[in-house]
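Down below are the structures I want you to see.
Below, subunit A partners subunit B and then partners subunit C, in two separate complexes.
Here is the complex of A and B:
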């Protein structure tokens, strides 16, 4: 296989994602774990760029790194006693490892050509095998995403339902956080 | 640039990588050297606002003052206090500068000169800008210092809150243009600048950006008088200089982005044909905006943290949401004008759309400011009543001085009225 620059970038971003993810679960310092989570999310954003999905990449950085991971850090900083903690909190890692292996197996079977012989079909994006030429890459613009979210034949119903869910979650959070006397 | 490397005999892929690399280094270096000048501008302007002379020893008008400062900072030791979290502590200034320099990539300097015309340029600006928060949190936590940590707390609250009006007000020019690409946004402003369509959005964008870079009156992150220097209290030498550099560069880049989004970027007479003129126009516009930011910085006192939050959540966010809805409504109701004629013809064709949006935007500003004023009057009324009650000793505030006569001790106030 020819080593293209995209391939090198892919390996770097994969290493960031996987290495960051591994460090999240192995780090004993919870603050460092959160920082590695950011690294992992950043690698994912890089993978989105390689998949020609710049909108997803920017949103990944803005929402996941810029907001969610920062809030995780914020919560950690507020629970100061957790910071010096160097022992693991519980003994559930074998179960977690088992769950991870099962998930990995399912993904391998369903999303890659490995599962062809067993399932007879797969949901992979028609990965090119040695004989084929690479499939045509379709570039989806932000405009198309927007149109899909706001047209009847697109995803307007799921989009609105999710918006409603998020709004109710927001109101719920305010109600929970509110002082009793104000209600 | 890529062509030169291909001529030198490099393989096509390698030539592309090397050519882009050189372009990146040149562009980033130019912008990284800018603060040497803008720091002088800032010190001089600040001095004039405070009725001082400012730097005037090194070079004419003290213009070379920053060079000895840089040399001095380079010579200082980077002190590593005991018990700091080394990796976050040392990584933080680097991430800070990198996040700011990344913004440069999407700034259209001239019709043909742009780092990369991403189809999501405007969104890229916001998402890269949010990375500075991480650097500040890492510095605040890694320093192992309570003031630094307090600074980091405030940062998270402030930056995440002000991101919301920032994104909403950014959405408005995007709505008008119908594209997130910075170059398309500039090309749209060929007739009228976007600030003429939506001045209110422009003001909200500038205000929330000043908050996002944490400058006065939003400089609670640093707040010399309370937190000494907030998250960068423990830093010295070049690490401190990098935070400083990042802050100044970010402030200037915000002015540049504002000029690109609202003041027409490189647009100006003859800019289409002579790229250098485009760069000159953008520079002039950016420095005017930068001066306005300095003006605000030197004039207004610092906010209190609860005022800062209330101003964002109860004023900027609702106003920007209403503005987005109104602009979207008007824009989709109006027919697309015929923009095929000459420049003057297009000026006429575009005018009705512009005028209607301008009116709507001004109405939004006036109504929201009136509401704000009404609220302020109510608040003033309430406060004067409370003060009067306290003066006549009717208000159960405290019992200091006459504790023997009264045994009513109510600490919480304000719930009674």
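Here is the complex of A and C:
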């Protein structure tokens, strides 16, 4: 694989995503952790651009970074008394780290071509190993998503259901977070 | 283009980091952040498989958009629950919230 600009961008955005994610779980200051989450989400948006999903990249920036992360920041500031705590991990963190390292190792063995030699069994045989064999995207993805969301043969019913879910979740959030006790 | 397994490895690493955060962090808000990381890992997988396996139809991206909506709902309810707990117990540390524990 030659080092094309796409590969360079992929490694940069991957480093942003994983580095930000690692900082999210290791930062002692929860406010900094939320800011690093924004960095990680931004890296993911870059990966979406590389995968020809510009709509999802825009939604990632607008909804995740612009709304969800800000919502979490508000929650942090409303519970600010506990922001500067020194102990951020509980006692079981070594076991959790070990379990996640083992899980990651197993996933590496299963997903990568390197693991096929070790396992002697090609679990990822049906996956394309060469990225250049992927078919080209010859249409405008944003328009196709809009069509899929609004046509009967597409996803109009799931779209309405998820709208209902979001509305009910927001109403439920208001009810749960209300100040008065009379519910 | 980079091969598909690189995206899958990034996604797997992000998921493992998020799962570690859920298991190991004490702050409930940090656990919420870690859940967002895991949802993002799932989204990277969805879009990567769409791009490499079946980009002729848009279904993979549509599914990822649904994940966005569900993640937004989850974050709103999670933050509301944490604020409610904080108001009642004056803490957001998960080991201090044990009223449902026998």
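The rule is simple: the second predicted complex is superposed on the first by the 125 of 183 C-alpha atoms of A that agree within 3 Å, B and C clash if a C-alpha of one lies under 4 Å from a C-alpha of the other, contacts with A are read in each partner's own complex, and residues count from 1 in each chain.
The rule is simple: a contact is a pair of C-beta atoms (placed from the backbone, for glycine too) under 8 Å apart; a residue touches a chain by one contact, two chains touch by 3 or more.
In this text, all values refer to a predicted model and were calculated from it rather than measured experimentally.
Enquirer: Tell me which partner touches more residues of subunit A in the superposed arrangement, subunit B or subunit C.
Expert: C
Enquirer: Using the superposition on chain A described above, determine whether A:5 touches subunit B (first), subunit C (second), both, or neither.
Expert: first
Enquirer: Under the stated touch criterion, which partner chain does A:166 make contact with: subunit B (first), subunit C (second), both, or neither?
Expert: So A:166 only meets subunit C here.
Enquirer: Which holds for A:16: it touches subunit B only (first), subunit C only (second), both, or neither?
Expert: Neither subunit B nor subunit C is touched by A:16.
Enquirer: Going by the contact rule set out at the top, does A:67 touch subunit B (first), subunit C (second), both, or neither?
Expert: A:67 contacts both subunit B and subunit C.
Enquirer: Please indicate which partner A:141 is in contact with in the superposed arrangement: first for subunit B, second for subunit C, both, or neither.
Expert: It touches subunit B and subunit C both.
Enquirer: Regarding the shared-chain residue A:77, is it in contact with subunit B (first), subunit C (second), both, or neither?
Expert: first
Enquirer: Between subunit B (first) and subunit C (second), which does A:35 come into contact with in this model arrangement: first, second, both, or neither?
Expert: The answer is first: A:35 touches subunit B but not subunit C.
Enquirer: Scan A:59 for contacts with subunit B and subunit C and give back first, second, both or neither.
Expert: both
Enquirer: Does any part of subunit A touch subunit B in one structure and subunit C in the other, and if so which residues?
Expert: Common interface on subunit A, subunit B vs subunit C: 55, 59, 67, 71, 74, 141.
Enquirer: Under the touch definition given earlier, write down the residues of subunit C that touch subunit A in their complex.
Expert: Checking each residue of subunit C against subunit A gives 1-10, 12-14, 16-21, 23-27, 29-30, 32-34, 36-37, 40, 43-44, 47-48, 50-53, 55-56, 58-59, 61-62, 64-66, 68-77, 79-84, 86-87, 91-93, 95.
Enquirer: Within the complex, which stretch of subunit B touches subunit A?
Expert: 13, 16-17, 85, 87-88, 118-120, 123-124, 126-128, 130-131, 133-134, 137-138, 141, 149, 152-153, 156, 160, 163, 178-180, 415
Enquirer: Per the contact definition, I'd like the list of subunit A residues that touch subunit B in the complex.
Expert: 4-5, 31-32, 35, 38, 54-55, 58-59, 61-62, 65-67, 69-71, 73-74, 77, 141-143, 181
Enquirer: Spell out the residues on subunit A that touch subunit C in their complex, using ranges where they run on.
Expert: Going through subunit A, the ones touching subunit C are 1, 6-7, 10, 14, 17-18, 21-22, 24-25, 30, 33-34, 37, 40-41, 44, 47-48, 51-53, 55-56, 59-60, 63-64, 67-68, 71-72, 74-76, 78-79, 82, 85, 87-90, 92-93, 96-97, 99-101, 103-104, 107-108, 111-113, 124, 127-132, 134-137, 141, 144-145, 147-149, 154-155, 158, 162-163, 165-166, 169-170, 172-174, 176-177, 179.
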